[in-house]
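See the structures that follow.
Okay, so chain A shows up in both of these, paired with chain B first and chain C after.
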Partner chain A sequence: MNEIAAVLERTGLLSPEEREHWKMAWLSTVDHKRIGILYMMTGLVFFVIGGIEALLIRLQLAVPRSTLLHPDTYNMVFTMHGTTMIFLVAMPVLFGLANYIVPLQIGARDMAFPRLNAYSFWLVPFGGILLHFSFLSGGAPAVGWFAYAPLSETPYSSQSGVDYWALSLLVLGIGSVGANINFIATVLCSRAPQMTLRRLPLFSWMIFVNAFLVILALPVLNAGLVMLLIDRLLNTHFFLMPGGSAIMWQHIFWAFGHPEVYIVAIPAFGLLSEIIPVFSRKPIFGYEFVAGSTVAIAFLSLGVWAHHMFTVGLGHTIDLFFVASSMLIAIPTGVKVLNWSATMIGGRIHFDTPMLFCIAALVQFLLAGLTGVSHAVAPLDWQTKNSYYLVAHFHFVFVGLIVFAILGALHYWVPKMSGRMLSERLGKWTFWLMVIGFNMTFITQHFLGLAGMPRRVFTYSDLPGWGWMNMVATVGTFFMTAASLLFVWNLIVSLLNGRKATDNPWNAWTLEWATTSPPPHENFRALPPIQSRRPLWDIAHPDRPDPVVGSRGRIDQFKPEKNKTSIICFILSETGFFGVLILAFLYYNASPQPGPNSHELDLLTTGLFSICLFASSFTIWRAETGLRNNQQRRMIGWLGATIVLGGIFIAGQGFEYWHLFKSGVSVSSNLFATTFFTLTGFHGLHVCVGLIALLILLGLALAGDSRKKPWPALDAVGLYWHFVDVVWVFVLSVVYILPRLQ
Partner chain B sequence: MNTQQFLLSAWMWNPVVLAIAAAALALYLIAFRAADRIGWFVLALLVFLLTLVSPINALADGYLFSAHMLQHISLLLIVPGLLLVGLPRSFSLKWRPRILAHPLAGWIAGVGAMWFWHWPTLCNAAVTSRSVYAVQTVSLLILGTLFWSQVIAPREAERLSPPGAVLYLFSACVSCSALGIILTFSPLTVCPVYAIPAADPLGITNMIRADWAITPERDQQIGGLLMWVPMCLIYLGAIFAQIARWFGEPAPARTTSA
Partner chain C sequence: MNALPVLDPQSPQARAIFHLAIVAGIIFAVIFAIVSGMVVYALMRCRWREGEGDPKQIAGNKTVELVWTAIPFLIVVTLFVLTWKTMGAADPPPAPEPDIVITGHQWWWEARYSKSGVVTANEIHIPAGTPLSIRLEAADVLHEFWVPELSRKMTTVPGQPNNIWIQSDHPATYLGVCSEFCGTQHAWMHFLVVAEAPAQFQAWEQAQLAPAKMPAGGNAAQGLALFQQTSCINCHAIKGTVATAGVGPDLTHFASRKKLGAGIADNTPENLQRWLADPQQVKRGVKMPDYKFTESQVTQLSAYLETLQ
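And then the complex of A and B:
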C-alpha cells in the first residue's frame, strides 16, 4: 500500500510528514480539497455499482422474453440503479466538485465550516451503505426511485427494503442540507475581500443559488420520508386507505423531485458556463443573463411539480395551469443555451476533451429540453409518460447534460487537483465512445417509447421493431462502459506518470488557476487583485483589461457573520419541513373522522406550558442583551431561566402525551392522532435539540468561554430558539385553536 | 342569458368607483403635473376600473370564487404595483408611524391580506355585505401598497437591496402558494356563499354551470390555482426586475489602485 502513498506524495496530494499515516490523513481530513476528492471518489464507487445495475437492466432487456433476471430482482435492480445514480452519484460528485472548486474560485482558504463539511461528506458513504445493506436484509427496495404509495407501504412491500431506502435517503438528505448551508455560508462569508458578489465566477454563483434550492427542497422529501416511515413502522396510514391519500405521497415526492432535477442540473449549467468560454477564448456572452436565468430556473422549479402528475388524474383545471407554468421553464433554460452558443460564435474554439464534452452536453441538453417541452403538454404526456420516451428524456438530462458536463469538468480540473495532465488521446477516445454509446442507447429509446414500450417492465413481447431497438440500446451501454473504464484508466495513468500540469494549463481566468497545481494547504500564498470577473485575464493583458465590475459597497461587500448565516439557512430549511407537516395536518383533518379528535386536547394545560415556551423567547433575548452589555452573571442567569422554561414545556408535553396514552389514544388510532403526534412530536424534538444546545452554551459560559469576544454562538442558538417558538405559534393555532373555531 | 349578452351587459358603472378614479387622476395631475411616468398611473387606474366595473365584478358578486380571486390579485398586487411605478422617482413615501416602513410590516401586510380575507366567515361577509366589501377593497389597496413599497418605492433609498427584495418576494410567493395549495386541494368549501348562491339577480347561474361547465368545486380549484400559479408569477416577474436592477447597476470608472 505504500506505493499509493508514494504516488500521492509525488503528485503533491500528501505532505511528507503525513506519509506514515496517509490513510488517516485522508480519512480524518477537514480540508475542502481532500473532502471534495473524497466526495468524488465515493461517487465513483457508487457509479460503478449503479453502472453494473444499469448493465444488468440492459442485459435483461436486450432480447424479448428474457429470463436472465427474476422479475423481483429486476425491480430491485432498477430501483437501486435510479436511487444510486441520483443520490449517490450525481449529487456527491457535483457537491464534491463544488467543494473543491468554489473556495478556490472565490479566493477562500477553506469552506466556512470545515468540520460540518467533513460531517456532510461522511453521511454520504454511511447513507450509501445503509441503502445497500438492504440487499443483506432480505431484499433491496423494489418500488422505483419514487417509491409510489401504496406500493411502498407495508401491505405491498412487507420486507425491510423500503425502510432502508427511506432511512438512507433521510441520512443523505441531511448531509445534502448540511453541505449546502456550508456553500451558502462560504460564498457569503469567506470570499476574498475584492471578490464582490457580482464578480463571482458563474460556477460559484450557480452553486450558491442552487444551495438555496437544496435547503428548500430536501426537507420536503425528508418530511415525506418521515411520514412513510411512520406509516411502515408504527402502523399508521398517511398514504394508505382508509383516510390516507396515496396522491399525497406523489405531491410531496414531486414537490421535492422536480427541484431535484434542477439541483443536479444547475451545477452542470455552472460547469458549462466555466468551460465553454475558456475553450472559446472569449468571455461568457451575457454573464448577467446566465446568472439571472439561474435564479429564474430555481424559483420556477419549486412551483411546477404537478406536471409530473398529469397522468394521475388531477383534473383538467389543474393540468391546464401546470401546462402553462411548466412551459415557462423553457424560457430561462433557452436563454442559457443561447448564451453558451453565442459565446462560441466567433471564438477561437479549442477542441480539447473538456470542450468536446461540453459541446456534446449542450447538444444533448437541447434535445432533452425539446422532449421536456413535449412532456409539458398534458395530452402528449398522457401518451408518453409511462413509456420509454420518458426514460429517454430524463436520461438525456441526467447523462447527456449532467454526466457529460461532469466528465468535461473532470478533464478540465483534474490537472489542478492532481498536478498531472490527463492524456488527450485517451480523453478523446473516452469522449467518442461515450457519445456514440449514449446516443445508441437513448435515442433508440425515444422510438421505443413512441412505439408503445412501457417503462418499468422486466421484459416485453417480440413486437415489430422492439427486439432490435432494445438490442441497439444494450450494445450502446457497453460503449459507455468502455468509455467509463477508459476514463478511470486515464486517471490512474496520469497519476502514475502523467505530464506535469502547470498552474494554469488551459490559460483560464478564474482564481483557482492562480495557485499551484495542486494548491497548497490553505490554497493561496497571495491573491491577485480582483476587479472584474476574469482576474487572470486582467493580469495577462494589462493593456486591455476587462471592464471593472462595480462594487456597490454595502451589498456587494455583504459579508455577514457565518454562524448567524448558517443558522438562518438552517431555519429556512426547517421551515420547509414543518410547512409540509402543517399542511399535512390541515389536509388530513379537514373533515372530522371517527375516533379521537382535537376536542380531546386540554387547551388550558397546553396554554399554560405554551406560555412558558413563549416566555423563554423573552429570557433568551435578555441573555443576549446581558452578553452585549458584558454582564456575565446576568447572561448566565437568563440562560438558565430559558432552559428551565423550555424544560417545563417539554415536561408539559410529556404530561399531555401520557394523558392521551392513558385514555387509549396512540399514534395509530386515526389520522388525527397520527398527524397530531407527528407534528407536535417533531416540534418537541426540536425543542429538545434547542435545550441541548442551550445546555452546551451554559456549560461553556460557566467555564468562562463567553468572556471571549465575540461569542457568536449565543446569537445563533437564540435565533434557533426563537424559530422553535414561532413554529409553536403555528402548531398551537392549527392543532388546538383552529378546530375549536369551526 | 348567453355569454355574449352577459359580457356586454354586466358592466356596472358604480359612481363611487368612477369618482375615486377621477379624483385620483386629478390629484396626480395637480401634484405632479403630467410627469413622464403618468402612463403607468393611468394604467393602474384602468386596471382598477376594469376590476371593479367589468363583468369580473358581477361574477365576483356571489357567482364565482375564481372571479373574486382575480379581483383580489388585481387589487392587492397589480393596481398598487402600477400605482407605485407611476409615481415620480422623487416622491417619498413617508409612512407614519415609522413601523410601517419596516420590511416585516410590508411583508405581513401583503401576505396577511391574503390569509385574512380568505377566512371563511370574512370571505362570505365580503360577498353578502356591501360595506364589508368596500372595506375589503380599500384594505387590499392599502395593504398592497404597503407590500410593494418595500420593493418599488419611487425613491431608490426607500427600497430593499436587490438580494433582500428577492428573499422578500420569494417568501411572500411561498406563503401565498401555500394558501393557494390549500384552496386547490381542500375538500372543504372556503367561501360557501359561492357554492350555494342565495339569489341569482342576473340570471346567469345556468350559463356558468352549463355553458362554462364551472361547478362549485372546480370554481374553488380555479381560485386556488390562480393564487398558486399566476399570482406567484407576478412575484416572480418582480424578482426578475430585482435581478435586472442588481446586475444593471452602472459600473463605476475603473480605479487604477488594486
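And then the complex of A and C:
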C-alpha cells in the first residue's frame, strides 16, 4: 500500500509529513479538495455497482423471453440501478466537482464550514452502505426508484428492502442539504473580496443557484419518506386504502423529484458553460442570460411536478396548468442551448477531449429537451409515458447530458487535481466509444417506446421489431462499458506516469488555473487582481482586457455573516419539511373520519404550554440583547429561562400524549391520529434539538466561551429557536384552532 | 400488426393524439435542424488551425437574446393551444354510466360489462365503430391500461376510479399492456382488445352470458368434481357451478380466450396442463400457488376447463 502513498506524494496529493499516516490524512480530511476527490471516488465506486446493474438489465432484455434473471431479481436490479445512479453517482460526483472547484473559482481558502463539509460527505458512503445492506436483509427494494405507493407499502412489499431504501435516502437527503447550505455560505461569505457576485464564473454561479433548489426540494422528499416509514413501521395508512391516498405519495415524490432532475442538470449546465468557451477561445455568449435563465429554471422547476402525473387522472384543468409550466421551462433551457451554440460560432474551436464531450452533451441535450417538451404536451405523454420512449428521454438527460458533461469536466479538471495530464489518445477513444454506445442504446429506445414496449418489464414477447431493437440497445451498453473502463485506465496511467500538468494547461481564464496543479493546501499563495469575469484573460492580454464588471452595486458587495446565512438556509429547508407535514394534516383531515378527532384535544392545556413556548422567543431575544451589551450574567439568566420554558412545553406535550395514549389513541388509530402525532411529534423533536443546542450554549457560556467576541452561536441558535416557535403557531392554528371554527 | 402501434391510430381518440404528434414532431424536427445546424456550422467553419491566435471576443448580443427568447415563447404558446384542443378530443368527459368496468389486479385484468353483466378477464371484446366509456379501477396496487392504437393510457388507482373512451374503427385484435410497474409479473399483464362487427359482438356477449355447460362424463366430469372439491373455488368463479369467488379470473368461458396467464402463453391444452401442473413454473410469482396436482388430476382439470367455451 505504500506504493499508493508514494504515487500520491509524487503527484503532490500528499505532503511528506503525511506519508506515515496517509490513509488517516485522507479519511479525516476537512480540506475541500480532498473531500471533493473523496466524493468523486465514492461516486465512481457506486458507478461501477450501478453500471453492473445496467448491464444485467440489458443482458436480460437482449432477447425476448429470456430467463437469465428471476423477475423479482430483475425488479430489484432496476430499482437499485435508478436509485444508485441518481443518489449515489450523479449527486456525489457533481457535489464533489463543486466541492473541489467552487472554492478555487471564487478565490476562497476552503468551504465556509469544512467540518460540515466532511460530515455531509461521509453521509454518502453511509447512506450507500445502508441501501445496499438491504441485499443481506432479505432482498433489495423492488419498487422502482420512485417507490410508488401502494406497491411500496407493507401489504405488497413485506420485506425490509423498502425500509432500507427510505432510510438511506433520508440519510443522503440530510447530507445533500448540509453540503448545499455549505455551497451557499461559501459563495456568499467566503469569496475573495474582488470576486463580486456578477463576476462569478458560471459553474460557481449555477452551483449557488442549484444549492437553493437542493435545500428546498430534498426536505420535501424527506417528509414523504418519514410518512412512508411511519406507514410501514407503525402500521398507519398515509398512502394506503382506506382513507390514504396513493396519489399523495406521487405529489410529494415529484414535488421533490422534478426539481431533482434539475438538481443534477444545472451543475451540468454549469460545466458546459465553463468548458465550451475555453475551447472555443471566446467568452460565453450572453453571460447574464445564461446565469439568469438558471434562476428561471430553478424557480419554474418547483412548479412542474405533476407533469409526471398526466396519466393518473388529475383532470384536464390541473393537467393544463402543469402543461403550461412545463412548457415554459423549455424557454430558459432553450436560451442556454442557443448561447452555448453561439459561443462556438465565430470561435476557434480546439477539439480536445473535454470539448468533444461537451459538444456531444449539447447536441444530445437538445434532443432530450425536445423529447422533454413532447412529454409536456399532455396528450403525447398519454401515449409515451411509462414506455421506452420515456426511458430514452431521461437517459438522454442523465447520460447524454449529465454523464457526458461530467466526463468532459473530469478530462478538463483532473490535470488540476492530480497535476498530471490525461492521455488525449485514450480520451478520444473513450469519447467515441461512449458516443457510439450511448446513441445505439438510447436512440433505439425511442422507437421501442413507439413500438409499445412499456418500461420496467423483465421480459417481452417477440413482437415485430422488439427483438432486434433490444439487441441493438444491449450491444450499445458494451461500448459504454468499454469507454468507462478505458477512462478509469486513463486515470490510473496518468497518475502513475502522466505528463506533468502546468498551472493552466488549457489557457483557461478562471481562478482555479491561477494556482499550481495540484493547488497547495491553502489554495492560493496570492490571488491575481479580479476586475472582470475572466481574470486570467486580462493578465494574458493586458492590451485588450475584458470590460470591467462593476463592483459597487449592493448585490456585488453582498457578503453576509456565514453562521447566520447557514442557519437561515437551514430554516428555509425545514420550511419544506414542515410545509409537507402541515399540508398532509389539512388534506387528510379535510373530511371528518371515524375514530378520534381534534375534539379529543384539550385546547386550554395546550394553550397554556404554548404560551411558554412563545414566551421563550422573548427570553432568547433578551439573552441576545444581553450578549450584545456585554452583560454576561444577564445573558446566562435569560438563556436559562428559555431552556426552562422550552422544557415546560415539551413536558406539556408529553402530558398530552400520555393522556391520548391512556384514552386509547395511538398513531395508527386513524388518519387524524397519524397526522396529529406525525406533525406534533416532529415539531417536538425539533424543540428537543433546540433544547440540546441551548444547553450546549449554556454550558459554553458558563465556561466563559461567550466572552470571546464575536460569539455568533447564540444568534444562530436564536434564529432556529424563533423558527421552531413560528412553526408551532402554524401547528396550533391548523391542528387545534381551525377544526373548532368549522 | 404495425411495428409502431403508437403511430398507428385506429380510433378518433388515438387519431387526435397522432395528429398532434405529427404537428409537434415537425416543430421539434425544425428546431433540432436549426440548432444542430448552428453547431455543425461552428464545427465545420470555426475550427482552430495550427498557429491561429484567439478570435474576436464577442460576449453577447441583447437583440439576439431577446429574439431567441421570444420565438420559443411563441412556439410554446402554439403548442399549448394545440394541446388544450387535443385534450378534449382525445379524452372526452366520461359517460354517466360506464360501458365496461375494468379492474387491474396483480397481474391480470378483469372486465365487467355494465349493461349485459358479462364478466371476463384479459380479453375485452368491443363492437367496432362504437365508442365505449371505460371505468378503470384497481384491486391492489397501481396499474396502467394502455392500448396504443385505441386510446390514451390511464393509471388504475385504488379508491379513485378513472375513465377513458376506447373505440376501434374496424374489426381487429389489439394488444394491450400494463404500463405502470406493479410488482413481480408486471411484464405479463397483457390483454387483448377484440373489436368485432356489431352482430358478432352481440353473439359473443350472448355466449358469454350463458352459464357453463355441464360435462357429460369422462375426464371432464371428473375435472369439474375436482374443481369444486379443491381450493380452485376459493378464488375462481364458474357460472353454473358452486364456484363464485372473485379473487382470480372468472373461468366460465375460459376456453374461448386466446391467451393464458395474461398473455404469457397461448391458450392451448398443452400450455394449460403445464400451468395446472405448476403455475409458478410458467409465471413465476403469480398469485396462484402450486397445488401439486397429480398427472391424472391435471388431465381431468384441463379436460374440464377445455369444455368451457
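Quick note on the criterion: the second predicted complex is superposed on the first by the 740 of 742 C-alpha atoms of A that agree within 3 Å, B and C clash if a C-alpha of one lies under 4 Å from a C-alpha of the other, contacts with A are read in each partner's own complex, and residues count from 1 in each chain.
We adopt the following convention: a contact is a pair of C-beta atoms (placed from the backbone, for glycine too) under 8 Å apart; a residue touches a chain by one contact, two chains touch by 3 or more.
Computed from a prediction, not measured in an experiment: that's the story for all the values here.
Trainee: Looking at A:L116, would you say it contacts chain B, chain C, both, or neither? Reply first, second, both or neither.
Mentor: A:L116 sits against neither chain B nor chain C.
Trainee: Does chain B (first) or chain C (second) touch A:V472, or do both, or does neither?
Mentor: neither
Trainee: Could you tell me if A:A324 is touching chain B, chain C, both of them or neither one (first, second, both, neither)?
Mentor: both
Trainee: Looking at the overlay, does A:E288 come into contact with chain B only (first), chain C only (second), both, or neither?
Mentor: After superposition on chain A, A:E288 lies in contact with both partners, chain B and chain C.
Trainee: Answer with first, second, both or neither: which of chain B and chain C does A:S591 touch in the superposed model?
Mentor: Touch partner of A:S591: chain B, not chain C.
Trainee: Is A:L370 in contact with chain B, with chain C, with both, or with neither (first, second, both, neither)?
Mentor: A:L370 sits against chain C, while chain B stays out of touch.
Trainee: First (chain B), second (chain C), both or neither: which does A:L583 touch?
Mentor: first
Trainee: After the superposition on A, what does A:L59 contact: first (chain B), second (chain C), both or neither?
Mentor: In the superposed model, A:L59 contacts neither chain B nor chain C.
Trainee: If we overlay the two complexes on their shared chain A, which of chain B and chain C does A:L738 touch? Say first, second, both or neither.
Mentor: In the superposition, A:L738 contacts neither chain B nor chain C.
Trainee: After superposing on the shared chain, does chain C or chain B touch more chain A residues?
Mentor: Counting contacted residues of chain A, the larger count belongs to C.
Trainee: Would you tell me the residues on chain A in contact with chain B in one complex that are also in contact with chain C in the other?
Mentor: Chain A residues touching both partners: 287-288, 324, 328, 547.
Trainee: What does chain A use to touch chain C in their complex?
Mentor: Its residues touching chain C are 70-72, 75, 142-144, 148, 150-151, 156, 241-242, 245-247, 280-289, 311-313, 316, 319-320, 323-324, 327-328, 330-331, 334-335, 337-339, 341-342, 344-351, 359, 362-363, 366-367, 370-371, 373-374, 377-380, 382-387, 389, 447, 449-452, 454-461, 463-465, 541, 544, 546-547.
Trainee: What residues on chain C touch chain A, complex-wise?
Mentor: So the residues of chain C in touch with chain A come to 1-7, 14, 16-17, 20-21, 24-25, 28, 31-32, 35-36, 38-39, 41-43, 46-49, 52-61, 64-65, 68-69, 72-73, 76, 79-80, 82-84, 86-88, 90-91, 106, 140-142, 144, 146, 148, 152-155, 157-160, 162-163, 175, 177-187, 190, 263, 284-285.
Trainee: For the complex, which residues does chain B have touching chain A?
Mentor: Residue positions touching the partner: 161-163, 166, 170, 173-174, 177-178, 181-182, 184-188, 218, 221-222, 225, 228-230, 232-233, 236, 239-240, 243-244, 246-255, 258.
Trainee: Across the complex, what residues on chain A touch chain B?
Mentor: By the definition above, chain A touches chain B via 194, 197-198, 287-288, 291-292, 295-296, 299-300, 302-303, 315, 317-318, 321-322, 324-325, 328, 529, 531, 545, 547-550, 552, 554-555, 558, 579, 583, 586-587, 590-591.
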